[in-house]
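In order of appearance the chains are A, B, C, D and E, and numbering begins at 1 in each one.
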Amino acid sequence: MYVKRNYGLWMTFKWSKKSFLYGLFYSSIIIFIYKITGIGFTLPWEPLSVIGIAVAFYLGFKNNSSYDRTWEARKIWGAIVNDSRTFATAILTLLNEKEGESYDQLKKDLIYRHLAWIISLRYALRKRKSWEHNFGPKNLVFVPTYYEILQNGLDKELLVYLNAGELEQYKTKSNIPSQILKKQAEEIKKLHAEGIISEYKHVWLHQIISKLYDDQGMAERIKNFPLPRQYASVALWITYFFCALIPFGLLDIFITSTELWIWMTIPLSGLIIWIFFLMERIGDYSENPFEGNYNDVPISSITRSIEIDLREMINDDNIPEPFPVENGFLM
Amino acid sequence: MYVKRNYGLWMTFKWSKKSFLYGLFYSSIIIFIYKITGIGFTLPWEPLSVIGIAVAFYLGFKNNSSYDRTWEARKIWGAIVNDSRTFATAILTLLNEKEGESYDQLKKDLIYRHLAWIISLRYALRKRKSWEHNFGPKNLVFVPTYYEILQNGLDKELLVYLNAGELEQYKTKSNIPSQILKKQAEEIKKLHAEGIISEYKHVWLHQIISKLYDDQGMAERIKNFPLPRQYASVALWITYFFCALIPFGLLDIFITSTELWIWMTIPLSGLIIWIFFLMERIGDYSENPFEGNYNDVPISSITRSIEIDLREMINDDNIPEPFPVENGFLM
Amino acid sequence: MYVKRNYGLWMTFKWSKKSFLYGLFYSSIIIFIYKITGIGFTLPWEPLSVIGIAVAFYLGFKNNSSYDRTWEARKIWGAIVNDSRTFATAILTLLNEKEGESYDQLKKDLIYRHLAWIISLRYALRKRKSWEHNFGPKNLVFVPTYYEILQNGLDKELLVYLNAGELEQYKTKSNIPSQILKKQAEEIKKLHAEGIISEYKHVWLHQIISKLYDDQGMAERIKNFPLPRQYASVALWITYFFCALIPFGLLDIFITSTELWIWMTIPLSGLIIWIFFLMERIGDYSENPFEGNYNDVPISSITRSIEIDLREMINDDNIPEPFPVENGFLM
Amino acid sequence: MYVKRNYGLWMTFKWSKKSFLYGLFYSSIIIFIYKITGIGFTLPWEPLSVIGIAVAFYLGFKNNSSYDRTWEARKIWGAIVNDSRTFATAILTLLNEKEGESYDQLKKDLIYRHLAWIISLRYALRKRKSWEHNFGPKNLVFVPTYYEILQNGLDKELLVYLNAGELEQYKTKSNIPSQILKKQAEEIKKLHAEGIISEYKHVWLHQIISKLYDDQGMAERIKNFPLPRQYASVALWITYFFCALIPFGLLDIFITSTELWIWMTIPLSGLIIWIFFLMERIGDYSENPFEGNYNDVPISSITRSIEIDLREMINDDNIPEPFPVENGFLM
Amino acid sequence: MYVKRNYGLWMTFKWSKKSFLYGLFYSSIIIFIYKITGIGFTLPWEPLSVIGIAVAFYLGFKNNSSYDRTWEARKIWGAIVNDSRTFATAILTLLNEKEGESYDQLKKDLIYRHLAWIISLRYALRKRKSWEHNFGPKNLVFVPTYYEILQNGLDKELLVYLNAGELEQYKTKSNIPSQILKKQAEEIKKLHAEGIISEYKHVWLHQIISKLYDDQGMAERIKNFPLPRQYASVALWITYFFCALIPFGLLDIFITSTELWIWMTIPLSGLIIWIFFLMERIGDYSENPFEGNYNDVPISSITRSIEIDLREMINDDNIPEPFPVENGFLM
């Protein structure tokens, strides 16, 4: 997530310049051929208008859908924040404390395992999918802290909150976060068996676990189900076709002007092509909110702030700092 | 569901080439008649612009609705994932285990029957409806594994999780998944009667059953209620009418040019017709997310991952592999 | 609901031909007057474009809203399906069965009264409202089964599930379904008073009743609150005004052509007028999903499938057949 | 709410004629000045097209938002209907009736106070806000019954359901409905203290009170938070600017025609200006669904139907009639 | 929030005049250069139309998203109102009062701490973020009361409801509202430990705390996650590019007119540029509903009305006045 007021013009341009340059190159070729052969292979602009407007609609629809995906992803992580606080206060205030026993270690274990759940979920969500952009470590130059943590791997982060034996067990399973929550349910069952929570509170704690399963499943749903590729692909191809026609359409307009203006076809084609591809690209780079890209929902940062909040609740030591903003990006 | 980054251009074209070819053919006829008779039956482009924009709006609305159906279908199956995990942990951790008895077989039976519910629901959802595209087995050449499972039939899959007698009983009923859930409710009632779960946990388990009924009912709703045919049909017919006028409109523009350009009417008509029908077709092939088509929500794969997750929870043997991606498609 | 793949072109045209014919007639008059008087009362097309696009937007908004109403109506009836199953399994599995008593008659009575609730709700929803289309029995020629049931009246259907005395009592009240649910609540209270359900299950059953009240109330809300007439009326009038201007605008374009082409104004006006009114009409005929029209949400059929499902749950006899599709329509 | 099929054309026109007349007047002045001075201060239509389409978009967005507000308001009142029925059946069937005591008066008091809550909420919602249209009594000529009740004041209506002393107490508070619900919670507490409801049912009844607070708060939210004025104002001003340019644009088109046609600028300007202002006005008059306007959500009528339904449940006497439709309007 | 009917034209213009003035200035330069050099560097308007319409779409999408953020923010604060009332009545009516003890002080403390939670949340939400507009105190001239309270700081407001020691403890934590709710949960636990609330009511009160965590987390989500900057930035840059081309496009149109009209390019460019930037700006100033701007959701006023409502419920003294409207603004 970029957190400054606006991406600068230059930054925006640099990020999307390819389509502009190809646009210039493509229209230059057309103009040169025209100049050399003298054949005015032009297209009238009127039908292009209709195609252009239809394409703009279609891109609007796609941008809208991409935005909705990002926003839903953020909502889900908002729910993870909320349910984490609910879970922590439930653990801290619902147990039946008998004879001066306050079960501090037990509470801490449950909250630590909860943090392990969030961290392992975050990792699972940022594994690369076949429809996502291909960002390797080398692309993440602007966020070195994030990159460093990524290099250290999941285990190092989890070992802060889990003991090694438990971790090994999870690693034999396919879906680690799902199994961590199952483990939490088993621990809660033990609380009930030992009489620390009543029948009724047992169910309420299981309902909180159920909410956490919902949060996890919703995040996985967005991760595992792309914007349907048929929609995305058609957006791309009709943008290409429309842009391929633009220089012919502009040439048709400029051809009646003086010699000089014919060359105007080139920059103006470049500009229009750039604007359409920019609109296409914006949706394209926002549709996968967990791909480990600069435009991601900042789940590393959200995870960290949950860690801080919950560990402050149990008056823990060595609470980490908030995740840093680097070069305007928050991951 | 296609899981690669984009449908290739050629693949997209091949899938939708019919409208392009008919467009070429249709406009060729018009140009030939014009050439032969010399009668300039042209239409001005200006009113066609307005119709074209109106049609593009209408298609945008339809595409949006189709997308919403697909997305809602995916959400429902996401909820099935979540509620399955909740159900499994409830069964695993809420029973009152007395005197060293851990009820392992009983738990396994309930979880197995739950998996049978999902499988039978998946089958019911993929039965062909009168408004869906007609995909017979021969069309599913790209996903042989899926096709093979389909050929084996529901019984074979269910017998992994149910005994033959129980299966026979379900087969006398109209709605198998609905009756499986009823059976689950009866089994839970027995748990209560035997004192394994308390009054209160009995209700919570019934509430989970109620959520599963919701999930099933929502999936059936999307299956059984198409995008209202009046909307879909009008989209189709106004696209036809608009496209039928296109060559006349283009001829009107090109007729003032030199001889050569009149022939341009043909490819340009073909292209515009293709773009409009492509937009129409994209919605049309996405509006039924359970029709057993390549663009389906991948419910076979989701079912499989629930099987893996739940069976790992009970440390089961012979856990199947994830459903394969074949030729870029996941079913 | 129409359940075939598409309304045929001819069917669509027949249903909406009025506007086409009036369009032809109206533009013919204009052309004749022009021919006779020679006064070229034409309008430039450019401003008409802007009006046309604005009207297309407005109709798009209205179609969208109508679609949302239909879809919401279907969702509500989906919820009725789900909550009916939940209610039935609750009745079947939550009662405390003592000493071999299984309360079969009592359960059947409760489930039968539930079916009576759905049927009476369906009747209430299909009473004609002052803003709905006026469909008398004579219009329902394509769905004779539906028509026959309609003629038999509510009482005949209810008497299958209620005894005559109870029915008479309901008929003294304004809102029959609402009073049936109250009766259910009273019957459940009796179960509690007799010790068949505990305090806690009593509340859960009341919560299910509360969900059913929600479903009923939501369906009544859509029935009793039309698409606000100010929006619908403006859509109609601005479509009229735009269409009234079309022939003048086309005449302006064609007037510069040869004699022959002036006559083209007539069919082209007819066509554009038809397309705009068709878009208007589609929304208009979809905005009231319970008006007893061919485009209705098929609540007769849904009711029937609930009857089948619930009666199969209690292994009942004489279970009726699914509601038939007649001439492509399902009611 | 208007309940007939459509607002008549004349009615629509009369309601919005101002903009048409001003449009005529304004364009007449321009034409006259042109005629007198001969200076052709015209504007080309092409850029006006773009502005016109942008304005149409913006108005579409605003109409959509207004519609959503109205629809949400109706949903909230639908929820009030549902929760009222749930509350009533809860009161009627959840109390523990010992020794032949059926607590009829007590139940009636609670249900009567509930009706008082709805009535006082309705009054609070129809107090005028600074951003609403200024409808005084004199404007409500078409709905005399509504007007009469309004004149009688809140007290008269409340005294049907509350005794005078209780009413006086509420009148010392800022938010009467909020305090009535608090009173209900206190009465329910008494039921618990007297052993008429158990611990568990006490909480369920408090949860119903909590739902009623939600309903009230949601209705107040729509009342107290207008469509953000910045959006509404920009819609108005850009419509003005666009309309101010229209006659110049039309003059530019007509100026090349014969003398006669220049005068056509006047009616055509009037018409286009009228259409745009009509679209603006429709949203404007629908954005405040509780302003006591003819387009209001009919909360007087809904209140009345709740009164009838709940009082029929307790077999009450003197049940009032449904709220009348007068001149096509239901309030 | 502005609460008058409309922002005046002058007010709107003053707020957005920059783009108009720059537009005039920019197009003047172009015209002057044209006049001096005589080089007609013009662009045809047709392709500009398509860009203009695409830009208008994109701005429409952005305005829609901004509006949704504002509306969601208002909904969340509506939920805070509702849940506050629920919490207050729960505290007031669910405690088990034994032997004439009514726990008035205890109830007051809990309700006062709840008010402290709302106030501290409000402060946290109005801390400046790096993507928000930079409003320092000097900008808030129209709302002096709000400004004064802001200057007094959080502590002064909190000390009304909390004792100094408790406040100090919160100030050592990162997220004050989150820790206040944890404190509430601990106080409720004490009630349970002392037997003032039962097991069951303890859970219900924890569920209300959980709802409050949801409300807080949702408000923080909107605060901490801007409208994705990539969308906002592209909106800005394509508006700039389109506006940069406008004078060239208009010059192309006017260049064929008489000398005089060429100068018309300047005001007309200014006007169109102003309209597009106005639409851009409206979204821009509505996308952060808690930035302490005049267009904010009025959370100071909502907080105050909750204070009044809850303190009236406990018959408190010195209840503050509603938050004033100043110069048409409510904060």
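FYI, a contact is a pair of C-beta atoms (placed from the backbone, for glycine too) under 8 Å apart; a residue touches a chain by one contact, two chains touch by 3 or more.
Only a predicted model underlies this, so the values are computations on that prediction, with no experimental measurement involved.
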Set of chains adjacent to chain A and to chain B: none
Where chain B and chain E overlap in contact partners, by chain label: A
Turning angle required so that chain B lies on chain D, C-alpha fit (0 to 180°, nearest 5): 145
Homomeric contact chain B-chain C: same or different residue positions, threshold half: different
Separation of chain C from chain E, taking each centre as the mean of its C-alpha atoms, in whole Å: 40
Cα-centroid distance, chain C relative to chain D, in whole angstrom: 25
For chain D, residues contacting two or more additional chains: 46, 49, 53, 57, 60, 200
Touch-based graph of the chains, sorted into line, ring, star, complete or other: ring
Contact set on chain B toward chain C in their complex: 43-44, 46-47, 49-51, 53-54, 57-58, 60-61, 65, 129-132, 173-175, 178-179, 181-182, 185-186, 188-189, 193, 199-200, 202-203, 206-207, 209-210, 213-214, 216-218, 220-221, 225-226, 228-234, 236-238, 240-241
Of all residues in chain E, those that touch chain D in their complex: 1-7, 9, 12, 45-46, 48-49, 52-53, 56-57, 59-60, 63-64, 67, 70, 74-75, 78-79, 81-82, 85-86, 88-90, 92-94, 97, 198, 200-201, 204, 246, 249-250, 253-254, 264, 268, 271-272, 275-276, 278-279, 282, 285-286, 295, 297, 305, 308-309, 312-313, 322, 325
